[in-house]
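When the chains are written out, they are named A, B, C and D in that same order, and each has its own residue count from 1.
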Amino acid sequence: MTDLSGALQEPWPDLRLQREAVGLGMWFFLASEVLFFAALFCSYAIYRSFNAEAFRIAAAHTKIVYGSINMVLLLTSSLTMTVALRAATIQLRRLTLLSLGATAALGVAFLVTKGLEYYADINENLVPGPGFPLKPAATAIFWGLYWIMTGVHALHLTAGIGVVIAVMTLFWRGTIPVQGSTMEGVAIYWHFVDTVWIFLYPLIYLAGRS
Amino acid sequence: MSEMTLQYAPTEESVATSYLDEGHTVLSWLLTTDHKRIAILYALSITAFFFIGGVAIGLVRLELISPTGWFMTSDEYNRAFTIHGIIMVWFFLVPSIPATMGNFVLPMMIGAPDVAFPRLNLLSWYLYLIGASFTVYVLLSGGVDTGWTFYPPFSSTYSHSSVVPAAIGVFVVGFSSIATGVNFMATVHLLRAPGMTWFRLPLFAWSMYVVSMVMVLATPVLAMSLLLICAERLFGLPIFDASVGGDPVLFQHLFWFYSHPAVYIMILPAMGVVSEVFACFARRRVFGYAFMVYALLTIGVVGFMVWGHHMFVAGQSPLANLIFSFLSFIVAVPSAIKVFNWTATLYRGQIGFEAPMLYALGFLGLFTIGGLTGLFLASVPIDIAATDSYFVVAHFHTIMVGGTVSAFMAGIHYWWPKVTGRRYHEFAAQLAAIAMFLGFNLTFIPQFIMGWLGMPRRYHFYPDVFQIWHVLSSGGAAMLAVAYLMPLGYLGWSLFNGDRAGDNPWGATGLEWQTPSPPPKRNFLRPPQVTSAPYQYHDIGRAREEVEQAPVEGRGDAR
Amino acid sequence: MKLTEFTTAASDYAAHVDALFILLSVVSGAVVALVAGLITYFLIRYHKGSGAPRGETPERLDREIEIGWTAATSFLFLFLFWWAASRQLSALATPEPALEIHVVAKQWMWRIQHPSGAREIDELHVPVHTNVRLIMTSQDAIHDLYLPALRLKQDVLPDRYTYLSFNATKTGVFHLTCAEFCGTDHSVMAGRLVVVTPEEYSRWNAAVPEGDDLAHQGKALFLSLGCSGCHTPGSTVHAPDLKGVYGSAVQLADGRTVTADEAYLRDCILLPDKNRVAGFPPLMPNFSGAVTPGQVISLVAYVKSLSSQSVDTGQGASP
Amino acid sequence: MNGSSGDHETLWRGPLLAWSALLALAAISLGSAYLPLGAGNVAVNLVIAVVMAAVLAIFLMDLRNGTTLVRIVASTGLFWMIFMFVLTFSDYLSRG
């Protein structure tokens, strides 16, 4: 039996309550995050409903291959993250570490793909401003939103990768036991970032394909 | 009665050191995770920013004595009122009561040893500091001139000032609010003492819970809208650019989706504070406790659906105007109920006029005026005439400054003995409370009048027919400035020379009064137990004199 | 400037708004009186140690009181909403406009074009008892056309038209100004609403030349180039006040004294270091290349007009 | 290590099922995007996205086993998002 004394933190009387608190706290934060992205989705919805044709034209220039590969990568990372959490709960330390490693690797792969996609976009000058190739004018709004939405999402993912690697290190060194409350929060956050991508994918890549 | 009194065994009393003595190095403060110390850190920082924002508006009021100005250029004037708005809204009013009194008192009130996530709590103060340092940078680099509302396309295209650093400062400090909100909600849900059911929570705890909800759900939208402004200004991403089909009014929707609830972020905690103070100094339970709770919740939720009343002339559709107008009248109902309930709390009381009570009465008067003028602005035709005028300026200052700052002062004085273990000078405090109320009215009643007569806001030069009102208002502001400085003096003095306060100088109910002043690190010497509803003042002796002879603790039992 | 330029209710709509304002004031006054009266009474009667009877009120009564005033407040507020909304709805159903006037806002002036082609700046002439519709747009930031005497205000947005409809019932000169913060000279983006009889309106229309006069164009340039930032009484930048400068004798820094004629003023704009005025630091930027010759002429015309008082000085203080 | 092989099986089975369902839904969404459905495309895509998010939340984020409180909190963000959409669109759709 692993020693749990390192897992319990101020001000909690027991680990069960602490775990509940971490989960609940993370859900509160995610409610906040939902509204953060809601502001973007709301802007997108307004502009798209009044510039349907421009958005169709603009969205046809997104790189659907990169987008779809990233969809698969992120969904798979959610799988490995779930496995990591379950393994941690029943104290399978090695499996936890392996799954976390896989998750972080998939996350990095996502970012690399994203980087290649950005490179291709920039080569085509798909950045609103002088030399922006698309017409009509409102296509620039789509591409403005594209950069912000994917950029903000990528930042969230980068933060997620950082946290996963940090947690892995702590687990590996044995600073905190895997079955503590930490995994709970990390996992919920990671799935949330994945969920955002589930909505970004159709709005950005699938619009304008038909 | 004796079983309700705390009796500390002498050995235990000697063991318990106050949170102030847990370490005397600077580092012991900067790395603390004790909610009480973080509250003190917050109190110091927001006080500093209150006076920076105060100096900015002092200069503005001085300049406005003359209709053609006399020592500022128009650009300097615009920067002065902008920095006043940004600092007062995000670096004083939003964190004012939650981050100081909420941090200090909330865990004690519900019988918790600390907040749910102590390190997150410290992080939230550091986020505040980072945001604040951006704002200081903006101040030093020549300021920002967009008004605190950051409306594009002026902010994104036409302003020649430090818009981006200012927006980043607000963005970062927003996350400090979110962190505090998440922390408080988890605390109230999971760390209540045995017996502390939801309907035994003091109203201040309820107000902290509701305000946390509003912070968590509203602030991210502000963050995103400012991010979009920065993206447009820095990289030319045309989100609100009308020339390619963007809509500047969309920014206003997003901005007010936060900034109207932000008004409730400022006023709900104030309502919580004065509920505590009224009950304590009238020696009565709060009239209609359950209704007070429902009113808080209703304001918290419906407050999210009224933002469009800031946009009646912005180019919003007439139908949307009517919808938002209707919802705004609806949200006024729970506010009115709260006013009636506070008034009824005084009925058959044993009313004392100590400084916290005077400040709370000041709150009640100003909140009533501010709330009623809110009705004017909720009705579309009057709002069209009065919006963007001094009428609006006076209205929201009456609520946000008159109301919130009065309640803030009420709370500071009420919990001062608990926080510091000292008594402040009562007469000086009473004097300051009266000066603040009079100064405030002298400042803003002229603004109501000239606003309705047609004086637009954010005007450097103004038609000379309004000069008399501006001079009156500036005179009031001077009085107000004195009233704001007075507490610095007598509270500072009391820190070193004040009488020892004792654990419960007001004879108040509530768990925070059942522990030594100043409290020990983990708040309670023994795990508290709660056995009855809050505000049982009628059970524990009606006259203050009785209380003073035999200090009686309220409800519960900390053994 | 007279207060009546702001406060006169110059249309039926404005009178309705005033009536609603008075109604709300009376209701609010009553509520304030009630609350303040009760509080004062309680404070006196139940002051600590007073002999008034204390004791609990029955809980059932408390609940009934609570429900009572919740209901009363709700009904009152719904009534007020209904009253205000019906005013608004009837105002929306304006009859066909008889006269459509274009308004273009830019930092920091109002350009107004009448159907006849007559143009004016910072002034709006309209005939009395006529349904007027303003069609407004902005060239830069958001502005807001505020007509206090009509109790009307509407934001003016870039790349979009917004509208204001009114029917003035009183002739006279009223205030017109910008109510949405738009930058440096927001507070002097002001002018006059001139309500005249239909006959006078047609006479005025015929008399006004199409296009701006030079001094007005110059004023606009003076504001848009940022000259007003320094050349304003009360500016902290130490720059000469231009009021009355035209035709006066100017002491220069190098000891010469010149008469400020048009050529001098032109040189001051394009070659500021040539004729520096004594007692002022060399802060004036060089505008050669930044302004066209035509613009210089307008600017000079504007500075000239400051000495003859034919154009207001752009400080909003006194036309 | 105190996890039995039975633990291992249940550990993998649920997440794998959910994962395959998600991949399948993503594929359907991608395929449907190329069908000429007009405005129907975005509707189909968004419905699939909502289903995917639900699968992810219920099975991978384990809302299935969450407390009522957690479920309420999880849906709060969505409710507030609805306030934002409905009231903002009430302006845009009636501008005329």
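Here is the rule we go by: a contact is a pair of C-beta atoms (placed from the backbone, for glycine too) under 8 Å apart; a residue touches a chain by one contact, two chains touch by 3 or more.
A quick map from chain label to UniProt name: B = Cytochrome C oxidase subunit I; C = Cytochrome aa3 subunit 2; D = Oxidase.
These numbers come from a predicted model, not from an experiment.
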Maximum inter-chain contact count - chain pair: B-C
Chain A and chain B, separation of their C-alpha mean positions in angstrom: 35
Geometric centre distance via CA averages, chain C (Cytochrome aa3 subunit 2)-chain A, whole Å: 49
Whole-Å gap between the CA centroids of chain B and chain D (Oxidase): 38
Cα-centroid distance, chain B relative to chain C (Cytochrome aa3 subunit 2), in whole angstrom: 33
Residues within chain D (Oxidase) bordering two or more other chains: 69, 76-77, 80, 84, 88, 92
Multi-partner residues of chain B (each touching 2 or more other chains): 189, 217, 221, 243, 247, 249-250, 253, 257, 318
Multi-chain contact sites of chain C (Cytochrome aa3 subunit 2), meaning residues that touch two or more partners: none
Pairs of chains, among all present, that meet the touch criterion: A-B, A-D, B-C, B-D
Complex interface listing, chain B residues touching chain D (Oxidase): 189, 217, 221, 249-250, 253, 257, 304-305, 307-308, 311, 316-320, 323-324
Partner chain A, residues of chain B touching it in the complex: 33, 112-118, 120, 178, 181-183, 185-186, 189-191, 216-221, 223-225, 227-228, 231-232, 235-239, 241, 243-247, 250, 253-254, 257, 522
Complex interface listing, chain D (Oxidase) residues touching chain B: 69, 76-77, 80, 83-84, 87-88, 90-92, 94-96
Contacting residues of chain A [partner chain B, same complex]: 10-11, 17, 20-21, 24-25, 28-29, 31-33, 35-40, 42-43, 46-47, 50-51, 54, 127-129, 136-138, 140-141, 143-145, 147-148, 152
Residue numbers on chain A that touch chain D (Oxidase), as the complex places them: 20, 23-24, 27-28, 30-35, 38-39, 41-42, 45-46, 49-50, 64, 68, 71-72, 75-76, 78-79, 81-83, 86-87, 90-95, 187-188, 191-192, 194-195, 198-199, 201-202, 206-207, 209-210
